[in-house]
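One structure is given here, and the rest of the page talks about it.
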Amino acid sequence: MSDEHDTPEGVNEEVVKMVGDWGGYVEAKLGFRNHWYPVRFSKELAEGEILTVTVLGEQMIMRRIDGKVYAIRDRCLHRGVPLSRKPDCYTKDTITCWYHGYTYRFQTGELVNILAAPDSRLIGKRKIQSFPVEEAQGLIFVFIGDMSPTPPLSQDVPPGFLDEDLMVLGKHRDVNSNWRLGAENGFDTLHIFIHKDTTLRHYRDFNFPIGHTALPGAITLVEDPEGPKGVEDDFSKHNPIWDGLIDGNVVIRGPRSNNVEGTSASVGTSIWLPGVLKVNSFPAPGLTQFEWYVPIDESRHIYVQTIGCKVETEEDRIDFAHNFETTWKPHGLDGFNGDDIWAREVTEPFYQDDYGWVDEMLCEPDSSILAWRRLASRANRGIQKRKDLR
Amino acid sequence: MSDEHDTPEGVNEEVVKMVGDWGGYVEAKLGFRNHWYPVRFSKELAEGEILTVTVLGEQMIMRRIDGKVYAIRDRCLHRGVPLSRKPDCYTKDTITCWYHGYTYRFQTGELVNILAAPDSRLIGKRKIQSFPVEEAQGLIFVFIGDMSPTPPLSQDVPPGFLDEDLMVLGKHRDVNSNWRLGAENGFDTLHIFIHKDTTLRHYRDFNFPIGHTALPGAITLVEDPEGPKGVEDDFSKHNPIWDGLIDGNVVIRGPRSNNVEGTSASVGTSIWLPGVLKVNSFPAPGLTQFEWYVPIDESRHIYVQTIGCKVETEEDRIDFAHNFETTWKPHGLDGFNGDDIWAREVTEPFYQDDYGWVDEMLCEPDSSILAWRRLASRANRGIQKRKDLR
Amino acid sequence: MSDEHDTPEGVNEEVVKMVGDWGGYVEAKLGFRNHWYPVRFSKELAEGEILTVTVLGEQMIMRRIDGKVYAIRDRCLHRGVPLSRKPDCYTKDTITCWYHGYTYRFQTGELVNILAAPDSRLIGKRKIQSFPVEEAQGLIFVFIGDMSPTPPLSQDVPPGFLDEDLMVLGKHRDVNSNWRLGAENGFDTLHIFIHKDTTLRHYRDFNFPIGHTALPGAITLVEDPEGPKGVEDDFSKHNPIWDGLIDGNVVIRGPRSNNVEGTSASVGTSIWLPGVLKVNSFPAPGLTQFEWYVPIDESRHIYVQTIGCKVETEEDRIDFAHNFETTWKPHGLDGFNGDDIWAREVTEPFYQDDYGWVDEMLCEPDSSILAWRRLASRANRGIQKRKDLR
């Protein structure tokens, strides 16, 4: 849906043209517009409190009012100051700008008064940008864009994520790389090489090749108009690589367990618009990792890491919560994924001026990444631009 | 006096065109050229000492010689180094560059010798830029420009400032915002809202509305060709706002005193080229606050804050000096104006790329600010440009 | 050899045109390409160890293998990450990228395997950039460029530097200025003025004028096609300046010794492509200082300082090593040249946007610097550009 004659400011047009059918992906330095993004966990915003987040370059201020979360742009219409720098909330559902008293209703963005100039004809006639908000599985999702009607959240999360019997726990942190380097790191089958020394191996028994190559049929595109759009990669249709050779000698070996079947630590991954990964049977059989790479700006993203577990009883919930805190959070989300965060940040400089997209030298197994770039380019609902922030 | 076909480097031309009759003001990111600016207090520069300041992007070095202050550009003609980085003053009225010995006379800027190359034909034939300097009311004023003859200082200060029976005391500090956000913050009648919690109220009894709106006749333009050019705002012709309402309920009230007449803490303000505010009867009856917003560069200004008091006797002088140190400096210039400084710095990012000048959403009482922008655009003596610094 | 229709990114084209016959020098902000540069001392890289340096914008990783040093670009072909961030050397002469296992041979740059994807058709068909390396006089020299065959090192060092009976000792440090301000500071005869207070005078008896002017015949161009290209300045053909006068009075005097002949601390200097200075009889008679200004990027250089001494016996070597450590390093390379480093860094801002090259006001004795700029512009082997780094 990107308009090729209107490359966003700060994106290299020459590169957009060179990459051909995934130019929209190169343009999406600031993310895809008109999509849902998780920005915080629900438990981080109590009744009556406010919270400020920046997503796709938008700084917004959120408040929970009678249980529901509302979000408006954190920039006064009058002279552009952040409302959050000195939040004046005189009523439950409004915020008043500290500078001259412009007062906005959280639910609608409406300018309901100007305390220092109550006769102004602007009152009731102007609105600050407001953002649709939904909560699901313990996450606060915000819709960045102006599409109407707003598409359902279910189109922007991986299949299964909204299942009622799925219990989801997680954490988030800011990473100093563009969001696409997060997404590609996650979906990249070859990058398993970086995890060869992971401490996670001390917490579960697994087969962990040093690489693997997709065979025909492993990669599937999912483009159902009513559902999420993504690319699936089935690891049961991969050739695992167990030994690394240099000049004919084995120099490194992937660990293999006598007790475990399957060729890899996971049975497959998939990546979905607007930038969310699903890792099946990971960090352990019976679990699913869902993780988002939410653009903050051109060079940072929020890494929203979650693990889902099917639960039936309260005991199941207690068990999962315990295992999450004692094993999967410290050794999976922190330990194992710590390598990924480090890699994304080290990769960032090469892509910062966009030339990386043409100067890189991909190899055959990277075709799954190319499939994602192409799908994202044709199936996104818009490219976020700096001028959308004005 | 700005030339619309020669927008300064670093100023957004699109915005200059959009704002129409105050394009010159948008262009004046680095200040207005060919005007007088106070840069330091006289007492800060003793006989024989040197001082370096940056004004409108110009770094200059000043010295007091036989009582009089002289200023030259702080950048050697030869290879551009700052003379001040290692000042070599071998005689009372010269400075020698530490690198190769180019030697300049403070009074004229003349290159009087090159110590390492005394046969050079440049000697006596070249001049470093020198700046006219005047002292008045305890302030050192510098003229930035090349207009000849230099206009009188009296045209660049508010009426009354040079009165012989006025005693002036003050302080200065650097503020991280463009100078125009300083000027507009000061002249802005609505911004009284920000001072609603000021500690100054504990030091004087006053009526302090949360806003006020000019009635017809409150705003007057002053454009006498022989005098200073400015805009005056008479608070006796204002509607004060005492109560702030949201959804029909009073949520905030401005303090009112039974002992004081008048609707505001001051009886009126005025703003003058090149960027100086006069606040009548402030910080208390019998006093006048004069304050300058002197551009340092595009994103910083020197905030020169002074209070004037009419004095007749030595006892009057001692009284004012005492009150200044114990009350008006700590609770006015520091406490009350501290809110202003904070507000300017928070406003800066919105205007930094110039789009703020068109993206802002002014309301009716801001018409006084628009009057100032228009007057400044037509009555200034020139726009400072980066290339003026080469 | 510079192409005037292809000014490097980040260099001001207007300035290049204005300077006329030394435009290539202005363009060479990132240095001259296709030349040899010393980057480290041989003793800094032991057998099997690796070292990372950045020269002319190129980040490279070097390893010593069986005594010989090899250098390749420190940026993986695959996705651009620095190999050095987590060096995986599984064999003596290869390095494997930590991310996906691309493996390169140091001697050739050849992609010898991809550990995570050993079936890739890229293997054996791609090369990472490798750089010719030579060692001489205890320094590791790297050739930055793509000229073939590689010109001999002897064309890029000052005459005499490679003499077999010359013993060379030195140090290096990074300086925050463009390399040309280093080169010009060194060759600049007038800058002797900055050394008037040097502590070196306590360690040797010398005549030290505050300036000196070349007489006809002092400056000689050397442009032998088979040898190094440079400009020589013979101090015996100079007029020394002993007294500095202002308004007819002597204000400063250069020190003169009764025990020493000659008009200066050195008998002459010369400067050579690609940016190396030779100072004859300095820091003391019998010694020669050779120093390089090796571009790191547009605003930094490696200052490689060496002193050469003719030696015949082992005792000569021990004597020189002792004197170097106790006198010439602390009082020459650190003390005396410390003034030079400071001056270059203070000069940097004036030249950073290139306008300094036209806004400077050179005087007659600076003609030697102009001779160097012209020679460098016509005799260099190429201009390094940002796009050479892609």
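Should a chain be cited, it is by its letter among A, B and C, assigned in written order, with residues numbered from 1 in that chain.
Everything below uses one rule, namely that contacts are C-beta pairs under 8 Å (C-beta built on N, C-alpha and C of every residue); 3 or more make two chains touch, one makes a residue touch a chain.
These are the chains along with the protein names UniProt gives them: A, B, C = Carbazole dioxygenase-like protein.
Treat the numbers as computed from the prediction; the structure is a model and nothing was measured.
To fit its Cα atoms onto chain B, chain A must turn through 120 degrees, a value rounded to the nearest 5. Copies chain B and chain C of the same chain sequence form an interface built mainly from non-equivalent positions, shared numbers / all numbers used being under half. Taking the mean of the C-alpha atoms as each chain's centre, chain B and chain C sit 47 Å apart. Shared contact sites, meaning residues of chain A that touch two or more other chains, are absent.
Residues of chain A touching chain C in their complex: 188, 190-194, 210-213, 241, 244-247, 249, 251-252, 343, 346-347, 349-351, 355-356, 359-365. Listed in rising order, the residues of chain C touching chain A in the complex are 75, 77-82, 85, 90-91, 94, 96, 98-101, 103, 112-122, 126, 390.
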